[in-house]
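Look for chain A in each of the two complexes below; its partner is chain B in the first and chain C in the second.
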Partner chain A sequence: MSRTPLDTVEHATATPDVELPWAELGLKKDEYERVVEILGRRPTGAELAMYSVMWSEHCSYKSSKVHLRQFGEKAPQSDALLVGIGENAGVVDVGHGYAVTFKVESHNHPSYVEPYQGAATGVGGIVRDIIAMGARPVAVVDPLRFGAADHPDTKRVLPGVVAGIGGYGNCLGLPNIGGEVVFDSCYQGNPLVNAGAIGVMRHEDIHLAKASGAGNKVILYGARTGGDGIGGASILASETFDDAKPSKRPAVQVGDPFQEKLLIECTLEAFKEKLVVGIQDLGAAGLSCATSELASNGSGGMRVTLDDVPLRDSTLSPEEILMSESQERMCAVVEPDKVDRFLEICEKWDVIATVIGEVTDGDRLEIYWHGGKIVDVDPRTVAHDGPVYERPYARPSWQDELQADDANKLPRPETSEELKDQVLKLVASPNQASKAWITSQYDHFVQGNTVLAQPEDSGMIRVDEETGLGVAIATDGNGRYAKLDPYAGAQLALAEAYRNVATTGAKPLAVSDCLNFGSPEDPAVMWQFAEAVRGLADACQQLGTPVTGGNVSLYNQTGEVAIHPTPVVAVLGVIDDVARRTPVAFQEEGQLLYLLGDTHEEFGGSAWSQVIHDHLGGLPPQVDLERERLLAEILISASRDGMIDSAHDLSDGGLIQAVVESALLGGKGARLVVPDGLDAFTFLLSESAGRAVVAVPRSEEVRFNDMCGARGLPVTRIGVVDGDSVEVQGEFALSLDELRTAHEGTIPALLA
Partner chain B sequence: MARVVVDVMLKPEILDPQGQAVQRALPRLGFEGVSDVRQGKRFELEVDGPVDDAALARIHELAESFLANTVIEDFTVKVEEEKAEAGK
Partner chain C sequence: MTARIGVVTFPGSLDDRDTQRAIRLAGAEPVALWHKDKDLKQVDAVVLPGGFSYGDYLRAGAISRFSPVMETVVEQAKAGLPVLGICNGFQVLTEAHLLPGAMLGNDHLHFICRDQKLRVENATTSWTSDYSEGQEIHIPLKNMDGRYVADQYTLDKLEAEGRVAFRYVDFNPNGSLNDIAGITNEAGNVVGLMPHPEHAVEPLVGTGRTDGLPFFTSILKKLVGA
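Then we have the complex of A and B:
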């Protein structure tokens, strides 16, 4: 049997003319030439594997970087921010010595290929980011977007995704407290499966991904390394270097939540004993990423012996080991005299741990295989100095036409009867209908600290049992708004998440974002991306909530057709005492309903225009960030001082959607009066931003009105909590039974 | 009546947490010498009528679309011999 010799650095230097499959690995010609230039020779197969995967769009952010810089440049001064962009996740101070880390990421493509495992490993990956910061994960959230609700492929993808999220999260014992489910045919073939997680720690427990201190050991621990997710590297392995190998490795990774649970406990115990100098989880790009990032963020270099990596499949080539995306693995840097104790803890938790290398006092990342040096690079060139593209972008030619197609001119209901029918149709439409069938498959209350979960405006977790300190998180994004105006759409996503957090009584502190877009090679998509980032950065600056991290998912498109630009924004807030939270559900009959904010005729991108007219055009609702800030302040004060008993933010579906949800959740109806100066249709269905509806006990009416008046927030009394129907005086009444059947029957009928 | 057996196994490269759990339990129970365990599923289908090529093609189709998740699993279809004479 003839084997080609191991492609060592020496061999590469001696054989400069060997052709490498750089194109198959996704590198462009000029990128490959750049690698050759950096190294001063052709790369070895292992080096090529590392560069190709670390310079991919997913890992290098090469198309998005030039725009994402704004999140740093425009970052508002915030005392709460302890760790900002660039680490595994951002960290925010929430008081009493507690810090909270949170982040949202995408796992879109894997979830389309294999819905269960794709979604499950998405949860696993984001949870490891949280552990890597030194925090104990306490909750997860999942913003999801699928194709049309009645499309056959949605019936394949959605149940798998939901079961995967539930299966992994429930096994880990993490409550799922929020997220969204949106249907739109633009996501057909490109479902968006975003996953977020929150972790809690003490300030002094923050850990960073860096390898410092020559002589310190690099320990790989967790699952064995197998051939997961290395479709690309197998080309390198099978066609160029060793033809005897199986040529096709699966791109699908399978998760093992029980292994992840052990990883959490084992890592936290090692943190507690202060055994860890630096730490990094293994996600996309596996060991390539972990070693190059740890080494480049630290003070020295790193030497790794790849033979020591525990394998699940002994036939793996070194290139494949470097690129493998096997789940449930972490990499820690540990001082030599603490290694024994670290390994002891791993053994106690039944976690395989192996010293695979050490930190050196040089500045190179060197990797050995069978005694030969197969990688010798400056780790910065792999991890940080990837290509940066200033991709051309241009406002698409159809944008003007889209905006001119004004939704406000669509035919409106002419009679009360017609209005009633449309309202009923709206609350039963897949996007507005109750998602309980989906969210009830997740465990909301495990760990016993969940204060609010779906369908509340934001999820809320108690952090400190003694004081009642808690955090709230909301995720929002409206692709329809963003399609009409990406700048405003991104701001509206932030405004809604910010408002949702405040509606439950928490003060918004910081932002994480997951930016889902089509191909950056399309100037129109790139323009959408640039506008959305600019809008989000500007709005974060104005609202004083810095972006702490997140993720960009590009190439979400089928052929030439991209998804709606979909920036998903997560806002994290803090509440001093979770007992003061404000729920969505109506609490008591007789309480007065107030509408906070101004209502304009705004139907562009609205749920009404979609459900009734299948229309998308015009302009999204206006953004007024100062109003959002004022509204939030009022909602937080009112919650703290016990002036309101329930509150619900107004967003898609408008006022009637919010009132119906509060009524159904509370089992109490409402009588509404159309305020002077508004017609019933606009009052009920407009989607003007910066609004909320609150229920005020009669005893608090004067105090509440005085507060709003003193601060200049428009407030309108619109009715009272009463009876067992939602009645709009002079227009129609819908019984709660009828509404419940419509609102809660849709999703089970489509998917169960 | 004939019996057709469909065996479904995770593809060799795919992680098998269940198999690993079994493998880890074996030495604890005193069974040494087993270095790897992979766990699969076996379906026994009782088929009406003759198991001809058409019937097998149909079973292949149902196995591919329903019994196995071919993104991560492989399957084999085999006809089990009549047992009547083999008894005793």
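Then we have the complex of A and C:
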């Protein structure tokens, strides 16, 4: 790769006509011309490398930016938000001087190419974002979506992804407390591997990615730089797959969780001694991103000597060094008199650390190689002033037809026996079945603060041992709903995550999202994206939960066929005392079961329509955000005041799915009565939103009913915790053994 | 005067802080020990915690056993210092030959994390005296390389001498020979096991049980006669 003579700025100026491989690096012609215009000359090879990765869809959000602005414009007033969109991750005040940072990202494309490393480095990347904010990572969550459960490629991708997440996260000592596993043939060839992480810090420990103070040193520390992941952001994450092209495996990074664990400990020790002025992790676009973003966010410029970067492969060219996405690296800005102490801490942890440059009082990012200046740019033009596209979008022609294909008109079970068979089939279907085979490969005990982990409605971590202060997180998304109506689908994803957090007793505070869509160059996909963003921004505004950051993953499609639009929403909540949390499992026989909320005939996009009829059509459940807010308030109050002993939100699979899960987890059955005004089928299987089922001790019955009545939440007594079967009076009974076999046997049979 | 119990941090140790918390909850004083430091700071007992020291890249525990701190631990363990090895710590103890046998990859080839039922087989060691023999307890298990193996002679000897301290009950999660979950040395001062008692010390977190606390109260009673 290395050219002779070295392609310095001087050389580029003198040789304006040299052809550069901008197309191979993923730049469009007009984008390349814009680079030439910005520089007033052709870029050097190194500059081209930087612009190409930083202006990629993955790094620049060029197709999504115009829509994402709504998250800021419509952001609700929130006292809790300490750091908002634009930093490595958002930061939320949770009280008692504690702050929590969290974020969800995608590692979809790499995980399809190389499932183990793709998923593993997805965990590594999101965890470095959390460290970069100054926090100790305390938990991870993994929302996953795969092709049909019985498809051969799912058997290739899923075990690798799960092993990669476990292999990396377990080795880091981070409990895996939540997430989802969804199967749908639309994700065949485009699995969605999203990864979320939470970190905890004191307010005064918040760090930002900026390089300020001329003379301060830029220290690169962590792993040596190798040839892995070159162009990962531009080539891999920002294009669709095409069988005709050569394998993209070299664009996937290789993870070393042990190195990352050392990186966590040594970074936190440096923070503790207040040695760090600014910090940035190296993820997508590697050094190109870290240097340009640090310089761009700071007050001055930056000078970097690339020869000082420790290499794993001495033959790497400067372009490759700038583009490499080798994992487990970070970049810190440190005052000169603190450099020695910083290096000492790195040495204690056996972490390689090297001063590679310094902050200057100019406004240029200058990079040198073998004595020649190979980069001389305004860092803002690399990091922030990338292209912005107003992609055309249009409601797809098939949308009306899809919505007219009403799932409520599908044939329903005609006898009790048929209803029973369908219920059993549903709880055993891959999407509704127990995911214990997967989650048991993740450590959820480490760090000793896990209060709730999957399959609970939200994961919950104790933050403070003295007071019992804790945080909860839930991630949800339903691509089927979003396909039927992307605006409502995004709102339903938020509503479900919000509800899940509240169901465990925590107050929802803030949102992160991972927006997974097809190609932005398809107007129909762009319409789905625009609608989903608009829906989510509107709903966040109404629920008072600001979006603090997140990630967009586009080009999730094979050929012309895009995945279902899949906005995945993470909601973070806070609970004053984790001792008051509400679990899913039934606790005691004799407790009364109440259904909170209204049940309508809503089967569009439902699990029933998928499992029984292989159907997707009609409209998703109605969204009523004020109802969601009221329901959440009731669930939180009931939890705080000890009025409920277990609770479960109702979502896909409807009421019967929730009751079966609570029964199996608690080892106690339930007797249900179909309420007046509802038929058994709708009662059990409708997916109306804004609902939960709770178990109330008899001593609390009056108080609980009074509270719901006073605040206007519909509440219906539907049965009692009892026996060793789930019985629907007048319809059927299924023994817990039978249910357990059905619910827990499916995934191991498919994958083990 | 309470007992001072050291917890070694190797690079890649994960449960060191959890173990310190468990020691504190039991009423003893946790003391952080560093792998590069031979000095045990005059502690009364040592715990080698769980984790992936050195990433388990060569073989679990194989590099940590050569760390400076282990020189002192081995020397003093032979002289009677109580030592508990949990998970990766157990692996280090076998690598250091303080306990016989070795740990291989789980027979199903997956990491496994579960609430595991165990039977206490030996309630006379420094770390198990607060249990009763035959008692069944639940302790979280989480590992990739938990399959205990030893040659037949060693197994027979362990069984004959009552040195199997814990056995898996109802379900053998990794293919360990004789369902062995943990063992002790002849003197009963060195104990190693794969499950994690430090994750079962509070009713609120982990599995919601406190079945692991007696490990830490056993040693405390032995040391201070409380």
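Basically, the second predicted complex is superposed on the first by the 730 of 752 C-alpha atoms of A that agree within 3 Å, B and C clash if a C-alpha of one lies under 4 Å from a C-alpha of the other, contacts with A are read in each partner's own complex, and residues count from 1 in each chain.
Going forward, a contact is a pair of C-beta atoms (placed from the backbone, for glycine too) under 8 Å apart; a residue touches a chain by one contact, two chains touch by 3 or more.
Just so it is clear, the model here is predicted, and its values are computed rather than measured.
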| Aligned on chain A, chain B and chain C: do they clash or fit? | fit
| Should A:S326 be classified as contacting the first partner (chain B), the second (chain C), both, or neither? | first
| said: I'd like to know which partner A:R312 touches here: chain B for first, chain C for second, both or neither. | reply: first
| query | Which partner does A:G167 reach: the first (chain B), the second (chain C), both, or neither? | reply | second
| Between chain B (first) and chain C (second), which, if any, makes contact with A:S78: first, second, both or neither? | neither
| After lining up the shared chain so the two structures overlap, which partner does A:G448 touch, if you call chain B first and chain C second: first, second, both or neither? | second
| query | Touch check for A:Q117: first (chain B), second (chain C), both, or neither? | reply | first
| task | For A:S637, select first, second, both or neither according to whether it touches chain B, chain C, the two together, or no partner. | result | neither
| More chain A residues touched by chain B or by chain C? | C
| said: Per the contact definition in the header, classify A:G226: touching chain B only (first), chain C only (second), both, or neither. | reply: first
| query | Using C-alpha centres in the superposed arrangement, which angle lies between chain B and chain C as seen from chain A, in steps of 10 degrees? | reply | 60
| message | Quick check on the superposed pair: does A:D256 touch chain B, chain C, both, or neither? Answer first, second, both or neither. | response | both
| In whole Å, what is the nearest CA distance you get between chain B and chain C after the fit? | 5
| request: Under the contact definition given at the top, report the residues of chain A touching chain B in one complex and chain C in the other. | output: 256, 258-259, 350
| field | Complex interface listing, chain C residues touching chain A | value | 11-12, 14-15, 17-18, 21-22, 51-52, 54-57, 108, 110-114, 140, 142, 144, 196, 198-199, 201-202, 204-207
| If you look only at chain A, which of its residues touch chain C in the complex? | 163, 166-167, 170-173, 256-259, 261-262, 349-350, 439-451, 462, 465, 468, 578-579, 752
| note | Per the touch rule, the chain B residues reaching chain A in their complex are 10-17, 20-21, 24, 69, 71-72
| Of all residues in chain A, those that touch chain B in their complex | 113-114, 117, 223, 226-228, 246, 249-250, 252-256, 258-259, 312-313, 326-327, 350
